[in-house]
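Below you will find the structure I want to go over with you.
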Amino acid sequence: MKKIAVFTSGGDAPGMNACIRAVVRTAIFHNIEIYGISYGYDGMINGNIKRMHSYSVSNIIQRGGTILKSARSEDFRTPEGRKKAFAKLTEQGIEGIVAIGGDGTFTGAKTFFEEFGMPIIGCPGTIDNDIYGTDYTIGFDTAVNTALEAIDKIRDTAAAHDRIFFVEVMGRDSGYIAVECGIGGGAEFVMVPETKTDLNKVVKSLKNLRKSKSSSIIVVAEGDEEGGGEEIMHKVEEKLKDADKDFKVTTLGHIQRGGNPTARDRVLASRCGMAAVEGLLKGEQNCMAGVVNGEVVYTPFADCIGKSKALNEDHLRLIEILSI
Amino acid sequence: MKKIAVFTSGGDAPGMNACIRAVVRTAIFHNIEIYGISYGYDGMINGNIKRMHSYSVSNIIQRGGTILKSARSEDFRTPEGRKKAFAKLTEQGIEGIVAIGGDGTFTGAKTFFEEFGMPIIGCPGTIDNDIYGTDYTIGFDTAVNTALEAIDKIRDTAAAHDRIFFVEVMGRDSGYIAVECGIGGGAEFVMVPETKTDLNKVVKSLKNLRKSKSSSIIVVAEGDEEGGGEEIMHKVEEKLKDADKDFKVTTLGHIQRGGNPTARDRVLASRCGMAAVEGLLKGEQNCMAGVVNGEVVYTPFADCIGKSKALNEDHLRLIEILSI
Amino acid sequence: MKKIAVFTSGGDAPGMNACIRAVVRTAIFHNIEIYGISYGYDGMINGNIKRMHSYSVSNIIQRGGTILKSARSEDFRTPEGRKKAFAKLTEQGIEGIVAIGGDGTFTGAKTFFEEFGMPIIGCPGTIDNDIYGTDYTIGFDTAVNTALEAIDKIRDTAAAHDRIFFVEVMGRDSGYIAVECGIGGGAEFVMVPETKTDLNKVVKSLKNLRKSKSSSIIVVAEGDEEGGGEEIMHKVEEKLKDADKDFKVTTLGHIQRGGNPTARDRVLASRCGMAAVEGLLKGEQNCMAGVVNGEVVYTPFADCIGKSKALNEDHLRLIEILSI
Amino acid sequence: MKKIAVFTSGGDAPGMNACIRAVVRTAIFHNIEIYGISYGYDGMINGNIKRMHSYSVSNIIQRGGTILKSARSEDFRTPEGRKKAFAKLTEQGIEGIVAIGGDGTFTGAKTFFEEFGMPIIGCPGTIDNDIYGTDYTIGFDTAVNTALEAIDKIRDTAAAHDRIFFVEVMGRDSGYIAVECGIGGGAEFVMVPETKTDLNKVVKSLKNLRKSKSSSIIVVAEGDEEGGGEEIMHKVEEKLKDADKDFKVTTLGHIQRGGNPTARDRVLASRCGMAAVEGLLKGEQNCMAGVVNGEVVYTPFADCIGKSKALNEDHLRLIEILSI
């Protein structure tokens, strides 16, 4: 293989740049020409493909965001769109692709491989950590720490005023970020989509808060079945009917998607990026390079998208026990 | 004066603890017994008053929140409530008070002084920076930097997706936080209550964004007359009618009230705290100890509450010029 | 088991407080009386043992340091000292102990168990990550991120002046922190005790730096056989004999031991703390509760101290390939 | 004036990029062609001068370092060197210059103006805050906060082990950074060049530390007459002769020069940059644009270099009183 390309797609995640850097430098190390596709699948269709060099990725390892940008692409969902994309790639002589993104990205990649046989390997770039085939996704650790720093600040003001704070964190349909933040933030409760949220239990507990525990933090994953942070706060306020308790809600929002990646995310991103390129060289394709139990593994896209990762049971117990 | 007390009131602000520490240690340095009133005016009424020592304030200089807590007090607004408070203070032999808070706190302090003649000096503890008599309030610098770090993270994700982000920051009825963040965050526009917001101008500018400036940040002060971040985003989206532009909004909320205070806030808090105690010793009363042009000044409560501080003209020009 | 005690010992590490909190609350959850021993083994000998409650550990989960303090104890190395310690514990009716620390702590614990049969389980609290029986130690992730933030700042100034910076990080005799920082910081080289450092190779590489790569960062583990950061910088400067290259060195020092723990450290600390208490209840003893491949495991102290964990080969390759 | 140039020189400081950005965009706002000189005076001599545009400074406001680099220039100290520099500038039609740096930079600028009459205005870019004509220099606030965060971490580990830590901070021959850090970090003592350091007083105080104040932080400015942190620690250890006290030293070093600039530094940098360009348009020259008491002022280079700014008396008192 002499020419490969790399792109980022889907929601951006801190560490994507570190991954791009690893892909570029590993390719150069193996004497392969490396091209960057900007704006994801849309850029592929538009031929937005440029040669990259070692210096193209200098000083980006610590930056959030992605120098190759990201975009949704309606066109790539159509056979014509994908045909155009393949034509542009062939024009440049691209023989293999590294796709950094989430399962939306991998769904497109899988289809593309099945239609055109273009070898393509993915790297798990998303803050949600809901991808099968890797213990952690690139961006998850940073998002959790960003949310946790925010919760630490909220804790200061909650304690000052004896307030009960509902904090909504990201995660789409998963509770990974919520659970890690819940434990790290010393939350009273964590509400996640994976388990049924019993609001009556929450209300009962808030009624009986220890005298010395006059402030509380309740973490809500955006995809919880009872609603987001604001909705749940109102439901609980309703049921509690206690004028003495003061409720507030904060939706952390998009700050969880940006910022300098943590050490874990930079290392994970680098390992996956290097593994993706070396996987292409070894003949791997239509799969994602992830890290499971400390080792690099290649998992078929079908499994990444199809299978699910359960939340850690121990973690759920921790929240219950440690909030007494 | 042999016995004085200190309390914090109103919205909490990072640096309040550093201020309490300065009050306590300055009092001890001058051989004065110092007492801490917990829960603000409410605590005063309930006699929640305890002796403090040098070690009571060890290791709190870097902490957000306030070890003396804060609370709203309906009772203190009544003459009976204030009579009870004065009785409790007299019981303990308190001869002077340091009140750390915002103009709500000072309004109560002024009334209390007029009714009972209790010497009382304030320290400007609020993130809003809208108090006359001091260039900066304790907590403002930290709140601005907290909001700025959040905006830096949002910038990463905005740039990755070519989005236009509306970011709502705190400030009650003032635009101080918004303006500092707007400049520091390289915002396209800043919308503040002090100036009339022209949405048409915003829309026109967004229509003509330079090709290479595909993402933008617009900072909105919560008290802007056109509404908060979410409301303004919808109005602009309405007027723009451009399917190509992608809008998002983030309301930073209460993270702006917490966190470790910055260096400026710790130094300002320490200076004001020391000045408040030494002011009481010198016979100052019914005023606030603030810092103007680098010097400590004592400003009558009436002025702190009544007069207003204009936004810096230079700052407003900066945003206009530097966002081209 | 009705009464257990907990203490911290050895070099402090961020997350120790989160671990103490987990031990205390898990004990209370299981209706066990929990006691805190201050100042480690020294405190044990002096009977510095106090009852702890749920509120004793409120608001400490995010704090660096340890509320139970730490101390070296010459006395505990003697049979008399340990006899005194056992007497003090028996006096209080302590039936089991959780020891949070590094292998120095576990060496003492193992001896203590062998002499008196006191059930004792350890939690891996040290920033060095050199303990067998757990993938990561409590405090490692925070120390790495602290060092990495420092390296990010150094990168700014190195790039501004085209300098070559040697950065010395902690790790005692291991290169774990150095390797993670080396990857995350985009270092040119990483020098660790586990591999032979070839200074001539470093010199040769610096001679041939790409035109666009005029600044470099070289990470040195404090235990490297060629010396610390300063010594190695002088050796390289000597061999390079290039007046054009500008060398600087920074020894990060003790900032790596403090600060708020990261999310990973808080979660790991909580899991280990809970597992230690529940281990005592299940009859585990003379072992350490750690996390390997995401699962809690109990490893005999002898192995924790005696066996070693190899550096990750992939990580070493990463540094070589990605610095081109 | 139709064409101006900007450069950075001397030790880099966080906020220099924000200043460059302000210069570039203010120039463009006034329809002036703006050129960037890389590598300071050296680049001027070598004709390293490039046209800049609005997008040249996109997304740099939050970055430490300087995109125009910095360098020492022996050649510029010679008349021939300066003649060459002037020739290169004239070649490009440059009619005015903005020089961002410290007094070394201004010394060269003053000489250059006197020899060739080239209008040149400076912006105070240095972390030392030792420049007359501005209350604060660009980079000072960030350096202080960086040092303060490090001291907060050291405080954690000092408290855990009852240690006395000497922390050396930057500042060249001034104690500004040391004093701000000393107050904000709750230091026992601060040793600065501006006041005579009495080591016997330090020793006496350490002997009498309150029982509950078993750990201490002593901040040392690098230019103190008794030596740097390490030297002073040994002198004190010598005099104290107390085996019970445990001493450590940390030299913070170059981390104080890098990192994202704080809000104050970004705003100050922006104001100075804009004022420098508008100053050139108004006919100001051979002076520095700084901010004093909230207003922009132009101060002759001779005064910036020649006059000194005294440390704030209040600040020195604070340290003494608040460390009891």
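We call the chains A, B, C and D, going by the order they appear; numbering starts again at 1 in every chain.
Everything that follows uses one rule, which is that a residue touches a chain if its C-beta (ideal position, glycine included) is under 8 Å from a C-beta of that chain, and two chains touch if they have at least 3 such contacts.
These numbers come from a predicted model, not from an experiment.
Name the chain whose C-alpha centroid is farthest from the C-alpha centroid of chain A.
D
Using CA atom averages as chain centres, what separation in Å is found between chain A and chain B?
The mean C-alpha positions of chain A and chain B differ by 35 Å.
Would you kindly tell me how far, in whole Å, the mean C-alpha position of chain D lies from that of chain B?
Whole-Å distance between the two chain centres: 28.
What whole-Å value do you get for the distance between chain B and chain C if each is reduced to the mean of its CA atoms?
Inter-chain centre distance comes to 39 Å.
Mind pulling the residue numbers of chain B that touch at least two other chains?
Within chain B, the residues that touch at least two other chains are 152, 155, 159.
Identify every two-chain combination in which the chains touch.
A-B, A-C, B-D, C-D
What part of chain C is in contact with chain D in the complex they form?
Touch list, chain C to chain D: 8, 12, 14, 16, 63-66, 69-71, 146, 149-150, 152-157, 159-162, 165, 248, 250-259.
Please output the residues of chain C touching chain A within their complex, sorted ascending.
Result: residues 21-22, 25-26, 28-29, 54-55, 58-59, 61-62, 135, 141, 144-145, 148, 152, 155, 159, 180-181, 183-186, 210, 212-213, 260, 262-264, 266-267, 270-271, 274, 293-294, 296, 312, 314-315, 317-318, 321-324 of chain C touch chain A.
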